[in-house]
Amino acid sequence: MSGFVLSVENLTRRFGGLVAVNDVSFNLRKGDLLSIIGPNGAGKTTMFNLVTGQYPPSAGRVIFNGADISGLRPHARAKLGLGRTFQISKTLTTLTTLENAMVGAFLKRNNLSEAADYAMHVLDMVGLGARAGIKAGTLTLSERRRLEIARALALDCSVLLLDEVMAGLNQKEVESVIDLVRKLNGEGLTIMVIEHNLKVVRAFQSRVIVLDFGRLIADGSPDHVLSDPHVVEAYLGRQHA
Amino acid sequence: MAAFLNIVIVGLLLGGIYGLVSMGLNLIFGVVRIVNFAQGELVMLGMYGAYLSWFLLGLDPYVSALVVVPCLFVLGVIIQRFVLQPLQNEPFMQIFATFGLLILFQNAVLAITRGTGYSVHSELSRIVISVGDINVNLSRLIVLATVIVVAIGANWFLHSTMYGKAVRAVTQDRRSARLMGINVELAFMLTFGVGAALAGLAGVLLAPIYTLSPQIGGNFILAAFAVVVLGGLGSVWGAFFGGFIIGLIEAFAGYYLSPELKHAIWFLVFIAVLIVRPGGLFGIAGAEEVGLREQD
Amino acid sequence: MNKTDIQAMPAGLAGAGAGGTARPKVTTFATELGRIAAIGLFFAVCLFLFRSDPFILNMMAYTFLFAALSTSWNIIGGFGGQFSLGHGVFFAIGAYTTANLYFHWQVSPWLSLIPGMILASIVAVAVSWPTFRLKGPFFAIATLALNEVAFVLATYFDSVTGGPRGMLLPFKAGLVNMVFTSRLPYAIIMVGFLLISLVVAAYVLRGRLGYYLQAVHLDEDAARAAGIDVLKVKLTGMAISAALTGIGGALFAMYLRFVDPPTVLNIQDIGVKFLLIALIGGVGTLYGPLLGALLIIPLESYLRATLGGTIPGINLLILGGLLVLFALFMRRGIFGALQGAWERYRGARS
Amino acid sequence: MMKLTRRAALAGAAMALCLAVPGGASAEETFKVGTINPYSGPLALYGGEVNRGYELAADAVNKAGGILGRQIEILKGDATNPQEGIAAVERLATRDNADAFIGTYLSAVAGAASETALNYNKLYWDTNALATNLTERGLPNYIRSGPYSVSFADVSIDLILNSLAAKLGKQPGELTVWLEHEESVYGTSIAEHQKERLEAAGVKVLGIGAHSYKSIDLTDSVLRARDANPDIWVQTGYVPDGNLLLRTARDQGFKPKATVFVGTGDTKETLEAMGADGLEGLLVVSYPRPDISEAYGPGSKAYLEAYRAKYGEDPIAPQSMAAFVGFKIMASAINKAGSAEPEAVAGVLGSFDEPLRTYETGFGAKFDDNKQNLRAFPTVIQWQGGKQITVFPDDAAGDNKMVNIGN
């Protein structure tokens, strides 16, 4: 348990007969940048939602900063510092960009201007400073993604969970988000990313785990993992002689 | 024992009335995902329609259905097209709009009739069938028969006709229904039209039983909500069985407990169901969730 | 150099982070207090001008009362998006508590405001705790049912509420009894209540609870992801809103000195009027309900005075029409439209 | 009757002269009477009917010299709930400086409106509100000339004890009664008083049933009454619940020896709902109708002619004639007092001692210290062949006879 920010122990989740997540265990140290990949339906999102508390695990535990949070509801986990983003971005459209970030900043701050200042700081970090005053409904897709990240950061989260944050972005936008993630990780933020874009995973040059049919089939550096026969098989299917 | 049997009959007949009134409400919510707070007023308009056709054309109410029901259908289409369609993704504003319609219809009729308590004549409503100690008024029996026919008809329509399947597809997921080439807006207009027509039918059949007043819609809408929530929003059988359950509860509470408290009792049942099983007995699982997801 | 100076700093230095762009101004509670004070002053002048005209004073008292009640409803209905039709129940609780304490134990209405508020909040929380899981129309239906149950219970429990006969409060003039012969003191009390509800609403809106309520209204999942306990936030908003509505009920009871179920629990006269005013003024905005009340209440009594006698129901006919038109074309109400125009004007200018 | 009005006219004329001389109030300035009734909302029909009674009375009084020598002007104040009652009185008192107020088809409105009128020291004369507490609260400016719920209850009990008992061939002690009433203040207060008087007379009250007038089904109320098998079924309520009870009773085969309705059930609305044969024999205690005998209600025929002449139809409801009479008593009281100030009018009330059968409704005028007219009683009609025939009290009935009771 020493030094792990987040550890997942034998996590399992069944939906009726289907075992979406099957006995998955891994640990996350402070400052790690972990990518979770796997074919569609491998259980990535289910595992992600077990960590964020969307639904309780059928078995196994989620330990966060040493505390067992398996039973906590999503908002309680967010309070402890587990920030997350949504694949379909959930933007509070009638509020301004700044106010969206302020909703997160209010977690640790009660004073209005303090929350607003910190929200501004966070918006600057994700490069949305100039767009702070406009209604969030008018932001572009990639800007909305950045706003989601900003809202999570505003919680002073110690671990950031990104759910397919690159989905739907063009190449230039993907690169700018990759730089952002690497910058945040560089500043010491532990990040866990769900991604199925292998180029992104290579760009992160950081640890990768692979899920297939709910099981953890590989854990290591991108080069090692991507050349692992099991992983190739999982992605491309069995290679017939 | 006779009293007990009598109360059961009274409860079933009352259930028929509640079922018929809430059938339209349930159809509209099931497909269009809108709770029409003005449904009671549509029933009231049906009643006044029956009176008008009796007063002007001398039609017996049961015949006037041929005139009143189509008119209500057209009114329903107009309401959906011009009032509710623009508010498709604004559940908040939908409630405001339907409440505005409620006040509008009620006071328009009041302005025209100055609140006179009209009654509709029908030879049929005089006939009473009595079996031993139990007496049943024919017009209530007609209501019961109608609600059974309508429920079976609606069920057959939704399940075995092509158009019915299209409506059910729209119920499950508008986006994919649209992809399948179903004109969703048209489906909504027609469904709201049928919902209003059912209200008109209920109004016509209830006209001989009640004294007309512009406010009578309010008495029905509360019962209709209790029925659809208990029975399950969006399901035809929900309104059907829900009606009988509420009818029986009211009849037993009224006779054995006290007539004053019977309204409070089925409201408490209503709130209990909302909490324990918001989807209702037959409703689509988590109807209250499904109902409200933004389906563009 | 205190906080406000930072905002005025040139772009380069502002913002807590290095190289941060200037933070756009966020309206604070302090600025709202200034505006509310200005409004209070304006109404004080109006009261002074019309101090000898009881008809206008009566109209103003009634307008201020309903502006305050609509502002209170707006806290949970507008900010939090919980469409409640049951606020008439909290209004009635306030009215009956004060009437009972005054009638049976001669407790001064000023004192009985507190138990009235507390009781209203307790009932609000107890009732909405189970129903808050429901969304939009379901919650509205449950509150409609609540209003109906309250009406039946108020009629049935004769000993507590005076039953259908209602309670006629004796005429004992005096500040302590909150009973006066002239309309001016009542108008002053009502404007006081309006200012209190505006201050509370402003404090909520320009603070954490206000942002949390709006987040809950717009997207509950996003709110949970931002660490918001959605149920607790809704209950807090409802408790505050119900407490204020309870005060309104108490003042109404002393103003009328008569409380019976049809008067305090009438859906169209009380329950629906709160949200009708809020919608037409501007749901979810701070001053929308005030604007709505200033328009609707005088309009309604003007219609009643002129048309009421001739064609029965014409005044409600017009209000019903307004409700539909505003829901269709002016969803953000008059205040929202003004705000939109002001932003477009400011946007175009800068 | 004549003696009084001539003296009043003389006093009025004198008053007018001295008013005119100082050139203050010009002679042709009218005496404004604010009429407070629901002219909108569900009860608009009945509010309008009461106001018609006032208009007819104003015409009559104006012909006889008006009030305090000034012609009367009717100002309508619409109020469907207490807060609107306050607003209406405020408007009429300040904007149109009404000299006196009269009204009220709704008791709740009467309470609030009369207290507001007190603020302006204006007289509030009530002709139609029934709630007992309106006079018992001792408001200095509130006088009621019409009957109140106790008088309705009393006449219904007198009917049972003095007429029905004999017709059914039973002593009061052997009679059994079921009291049904709608649950608002109107029905409850009448039913309670009926119960007291019946039990005092030794009659067995088998049960009291309350119901909401908005109910969709009243079968349970009817079955409870039928199963108790009373001789007489008494119901106090409004038109919607009354009609539904009658229909359900017919359907359920509940035929008590006598059915007595109190307050409503005597209008075309009930006839339309049940048809003439459905109503045959139903007794209704309500305001006296113009068809009462000339001996009991002198001038009632003239009232009917005046109503038809002015409005081109028969009275919609009997409430208007009671309003008509109440307005005339108010006019004579003000003229006698020489001023419309509440204390002055209250002062002269003691001098009123007109016997029953003085006015068109058969009312007399004698006020107790609560300023309630003790000689204002409703009469009882019976539906015979689709017509409302006054059958009780006997002298009001003239030669009309009660039919098929108990046989």
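A, B, C and D are the chain letters, set down in written order, and residue numbers restart from 1 in every chain.
Basically, a residue touches a chain if its C-beta (ideal position, glycine included) is under 8 Å from a C-beta of that chain, and two chains touch if they have at least 3 such contacts.
Each chain and its UniProt protein: A = ABC transporter ATP-binding protein; B = Branched-chain amino acid ABC transporter permease; D = Leucine-binding protein domain-containing protein.
Keep in mind that this is a model prediction, so the values were computed, not measured.
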Both-way neighbours, i.e. chains that touch subunit D and touch subunit C: B
Components of the interchain contact network lacking subunit C: A | B, D
Selected interface, B-C versus B-D, where C-beta contact pairs are more numerous: B-C
Most widely separated chain from subunit B, with each centre as the mean of CA atoms: A
Chain centre separation in whole Å, for subunit D relative to subunit B (CA means): 40
Inter-centroid spacing, subunit D versus subunit A (mean Cα positions, whole Å): 78
Centroid distance [mean C-alpha coordinates] between subunit B and subunit A, Å: 48
Length of the line joining the C-alpha centres of subunit B and subunit C, rounded to whole Å: 33
Of all residues in subunit A, the ones touching two or more other chains: none
Numbers and ranges of subunit D residues touching at least 2 other chains: 40-41, 44, 183
Multi-partner residues of subunit B (each touching 2 or more other chains): 110, 114-115, 214, 260, 263
Contact pairs between chains, per stated definition: A-C, B-C, B-D, C-D
Partner subunit B, residues of subunit D touching it in the complex: 40-45, 48, 183, 209-212, 214-221, 223-224, 227, 239-240, 243-244, 247, 250-253, 269, 272-273, 275
Subunit D residues within the subunit C interface of the complex: 39-41, 44, 76, 78, 81-84, 86-88, 90-91, 93-95, 108, 111-112, 115, 119-120, 131, 133, 137, 183-185, 187-189
Interfacial residue positions of subunit B with respect to subunit D in the complex: 3, 6-7, 10, 14, 17, 110, 114-119, 121, 128, 130, 135-137, 209-211, 213-216, 218-220, 223, 250-251, 254-255, 258-260, 262-263
List of subunit A residues in touch with subunit C within their complex: 52, 73-76, 78-79, 83-86, 90-96, 98-99, 102-104, 106-107, 110, 112-113, 115-118, 120-121, 124-125, 129-130, 132-133, 151-152, 154-155
Residue numbers on subunit B that touch subunit C, as the complex places them: 34-35, 83, 86-87, 90-97, 99-108, 110-111, 114-115, 214, 222, 225-226, 229, 260-261, 263-264, 267-268, 270-271, 274-275, 278, 288-289, 291-292
